[in-house]
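In the two complexes that follow, chain A is the common piece, with chain B as its partner first and chain C second.
On to the complex of A and B.
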């Protein structure tokens, strides 16, 4: 709200927002690895995520986070380089490490308590054990290198390892001047490509970045030719160990985009002199230069060898790949120079072959922009008004008595189509895949399975199913609750499972799919299924049903949605704190959703949630009841019919039922039940709309007339007033007046007077309170 | 915003009429004044809830203040007025007969509600004062809406 946000805090906020995305990428990648669907690029993506978190955290001085991320990253880097296997054990450790990383981030954000040192340290130890194998402790003895005993130094264990960045740049103690270096490192032959010059400052190293990694990132984009410029390296006596003196020139092919190159330097741009230019401008020279430079007096390999001899610490460019590239380039430089003199074509003939061996660029992410949610909401509100205005206009024109074929009407129809298209597009802006919610659940499942001692495998599908952001946000809680239930109550213990002839590991399925304009979420387990006898006994015990009530299996299953119902024999930490499925059901209902359960004894239970794709608009049937205009959600309507006198019967003389498809369903006079009219209307003067409630029960709602089908913008009644029984929300119609949107389930429940029914019971409770 | 009235010395009030009685509320609570438009009735609502109207895209509940005070139930016409007030973050339309005046008042001139008034009246009437020989009741808007069932949001 306040306009004066500390700019530093604002940047930090952006960092944490990015962290959320990075964590999602991280977890997504790790899960892909776990399921064996990941490849090398997945490992890279996972590494990049952790690395980015570390980089950002370093900038904000979040030490605990940096330390943890560093150890994490080190192991990932080993895996990435193929030096460590990416087996099940490792992936599982990595997954837990990602949980702790998330906790560290939450703590840094101030949303959670600091991560317990022991937990973090235990995982650090595990990660290190995997990184260094049995030799891990040795690394800690690296002389003079350990700045922080918390993290053993990897350098000694692997001298050429790229991970020296944590400890800042330690320049190599030898004098390059004596090696008679050419004044300028030779740019080696590529014409229409990029020439990147990077001269890191000391503070770049101080903030945990390292040129070697940057060069390696570049080499992933495409073939690189790297040359070192050590011109500014002072003599030993003048050397400041904290300063950066070296510069690099990288030649790259033109097929790499400048944006990709800039991305590599994203974190460090401010801390180094960076020029990125097309090498093509200088193409003619390039042909000449190699001839001169082809036989530089430096042998980089020899130089390196001496460097590593001379100093125990690796030079800042010790990454194997680029060095090799540089050495190769130096050696190869002679070849093009020799081969080329006669070639009048100035450029890219010989080297192009090298360049076109294009490394696959990182899986091209679709171009996206970040937009403030407020702006999107403003747009959505405006479109909402547009829809209302359009409907208002259509109504006015309709009333004006224009002929059907006038240009105005067809223009209006076009306008309506356009309006709908705009609305759909705007809604699509807010649509998000449910992935973010699903990913959070994997952690939950791990934790709950740890706590319960049950072995659980979570199988998810349809993560890419998109739904409005407001719905996504509110999905997490009910799904969390139901997954906990599925593991805690649904799945049996491993012993019981084995005894029942099932695998010891239980499976929990979490699936999302689109079905007829709604999103359906299914949560299934392969556990024991609902113990109907126990549910029934408990319901009787709690006075929810009469001891002699005759209930179908489905009705028994649905008892678990009754308020205060919990079937776990022992109230555990995980679920069953007295709030049960009734809470889930209510939160789903408040989203305009439905929940149902199917259960097969011995084979498991499946909960099915059905939710609207958006909470902003609704397809409705506009009806008239006692001069009031009401809207019934189209999704609940089965069909409409005109009652004839013979179709309606009265149970016990006053409760009307109507014959519908060989069955009798209750007939509810909506205007009467809402108090809009003092006495019920005669059924045959109105229209009956058959609706289906979330529990699958059918009822017929009696209205005076049906006006038509229309998409309406949902307006909350609660904003300025309060919830009204029987009313889900309000909307504004074409004439500018407010119309109420019916809560069909509540209307049917209120009209029912059978006390054994849970719904009736609940509504009674509500009325009493 | 409940206690600011006691704190300030001189403040502005907006006076309005219901029947032959005069009332006033703190002018800071009133957002706008508009003419009567037909409201959509709410089911099973108390009689003083006239329903909801469309206020530039928002749903605005309308309270018939006369009925709320137990004076009389208005049959709203074009001559009636809706005062849009902000009550604890909610916008509520108050149906009154007419807005009559803007009054400046110091706290000392307000007399506590005499004991003769019923408990119900004292819920809404914070105090009374005289202006040009007429009695005006100072209204506390906090309890105008029906009690919201246990949702503390």
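On to the complex of A and C.
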């Protein structure tokens, strides 16, 4: 990080990061309140979140954000104070307000368009209605106005001269005798200046305010003539050290405004007797100050000495000078040597960061650095090449005829382990929890629930499950679509639910988990489940299946992924126009993922997405089919076996099936089905690899031979060539050859895409067993 | 002599803003994230001046000032309260707790340093 970063901009970045955290706190708190699990501290935390957003936004002049946060905060403050209830209606409004607040933040950040005025205003009106009752004020107090209490002091005050003490006073030759002389006319003379009388109460000192400092502030405004009135100072035996006994009169020129004078006393007004009046002719006992001095030369010690003189045994005003000195000493001891601030500490970001870190009790946050994503991707690419190179080297060494015990081979093995470790570490850099996507969904659910009038509760789990950043980003859209579907089509209306003996509020589940090297996302609802009759009728209607097709429940359910299928009777605004589940399926597939659905009538449906953790590498089984080298993703493979002639049966005379674990599965000759060879091979001359698709369908893929298991770097075929059915991507093997990575699901689907035949197969199998 | 200012605020943004403005003005700045942390930091490191937020988890600004004033060595340490609330009741409450003065948010660095100078010897 360079030192020339504008510190202000750097803090702004911090602010927006903090906003993300605050929004999460806000939403989490509001959801807890909605579910009745919140308490008073939850309300406090929610208030603080909005308050902090407003505070930071104000510092950066983000007015729209400040205005909205202010109204939001005002209602929360009322609730916090117990003046307004925190009922369902209120919490729902607050939740929607948190959405608009998030939008304002996104807009302020430049990530989104400014929030529509009408939308923001509508919510402001709602918040105000809740805050003030029906008679809401037309507009809220503009938060900018809260500044009213702070009138800036003129900053061009005379700089303190070097010889001034820490209070800003310089010693002055002081003749006690002069005190007894009648006062000379103050220099402010006949022109009506100001006469300020201040008599501090003990309370003023208790709050660590000092008369000396007030006098110093006044002296910055203009010339002052100060006189001390120690008349009320009692004798020591009657003296309460916490009380204030002294009073001061300050004469100032008329050029100073009353507002400026009052401002000096802003902090202490309530804790002292203060009169500010235009100076009359009569002059009190004054200490004359040298006319040429910008800063009054008052020797407090001398003044006090006089007070002592007046009451010989009296202790001085409770000026806590010794205590201050002690604190100074303690502070000096505590200042680390390297943090010795000079006259000006450069206010750049590294300094701020270092000093933050130096504060020992600052919130413990994990140490992080921000790295440009491009750099990480370059690293990942380089590591990908490293993996290929390592594989090539291993292969060349293997071919060179070295003995197994040679040091080269064991060195190579170590290299392989290291390479894999580097690769895992690099992949971990890109890994992110799915939390960011999941959090967005609570809002979506709320909005869709509002639009449909259905009551919905979103239950999430596994938010901390990590997956590649690209996968996380591209998950948002399909999940959004499926959640909308789940609420819009899956859940019934509250009335229908009650009639079905279910709670009026529907539940939508969103879960993430790791399963065998992939991430699985489940989106489930406890709605009515898929209406198979209707799906079937529609599929027949659209020509997707034959009218007499006999399909299993699972096959019917999965018809909703077929292109051109839409279950919505009327195209609804919510589930989107023209975007069907086939689009969702395609976007999942483009991530190397699979999607399936299970549904139970009356109890709901669950979509299951299975995605690779990374888009960069894959554990694969390298196989040969008609002299082509192919890679089958290891995650799909259940088992491999060598078929014997008797194991293979032919359904209807041409579709081969093979016995596998007391069942028959289709046997697919991959080379033949992909056109690598004109005629099918004899099954017993090859190797069958049993694979299972995400939807649970099993099949056996027939290859010529298995070469071995290998990690391969995925190279997109679509980017560099074009999409090919049955092929997911390509890779470069150790010997430099290109190998195609099979799309097992697609291959199996093609083989099973003949419903009538499959049905024939099924009935044949039933007969056989 | 360089003065040490303790800033107590749960918002990182605000802590950073204070840090930049105050360090720029030549103060030594130490930080705490809430009232409890503030009292501990004060105990461990001491400070010449304290600036505290009001709304904080665990222990709010009022409680923090009261806790501070309960210790003889901090009774005369100036405390400025950061507040967005300009109403008199809030200020009075801060004053009752023992606050020396207040800084109204949003502040600009000049105003901030000005307010600090006003209460610091």
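Everything that follows uses one rule, which is that the second predicted complex is superposed on the first by the 405 of 769 C-alpha atoms of A that agree within 3 Å, B and C clash if a C-alpha of one lies under 4 Å from a C-alpha of the other, contacts with A are read in each partner's own complex, and residues count from 1 in each chain.
One rule holds in what follows: a residue touches a chain if its C-beta (ideal position, glycine included) is under 8 Å from a C-beta of that chain, and two chains touch if they have at least 3 such contacts.
This one's a predicted model, so the numbers in the text were calculated from it and none came from an experiment.
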Partner touching more residues of chain A, whether chain B or chain C: C
First (chain B), second (chain C), both or neither touched by A:679: neither
Which superposed partner A:8 touches (first chain B, second chain C, both, neither): second
Touched partner set for A:400, first chain B, second chain C, both or neither: neither
Which superposed partner A:18 touches (first chain B, second chain C, both, neither): second
Which of chain B and chain C A:217 touches, first, second, both or neither: second
First, second, both or neither for A:55, with chain B first and chain C second: second
Intersection of chain A interface sets (partners chain B, chain C): none
Residue numbers on chain B that touch chain A, as the complex places them: 38-45, 51-54, 57-61, 90-92, 145-146, 148-151
List of chain A residues in touch with chain B within their complex: 381, 384-385, 388, 628-629, 674-676, 715-727, 730, 732, 736-740, 769
Residue ranges of chain A in contact with chain C within the complex: 7-8, 10-11, 14-15, 17-18, 44-45, 47-48, 51-52, 54-56, 58-59, 61, 66, 143, 146-150, 152-153, 155, 166-167, 205-210, 212-213, 217, 264, 266-267, 270-271, 320, 323-324, 326-328, 330-335, 339-347, 351-352, 355-356, 358-363
Contact footprint of chain A on chain C as seen in their complex: 1-4, 10-17, 19-21, 23-33, 37, 40-41, 44-48, 55-57, 69, 72-79, 82, 84-86, 91-92, 95, 98-107, 110-111, 114, 118-121
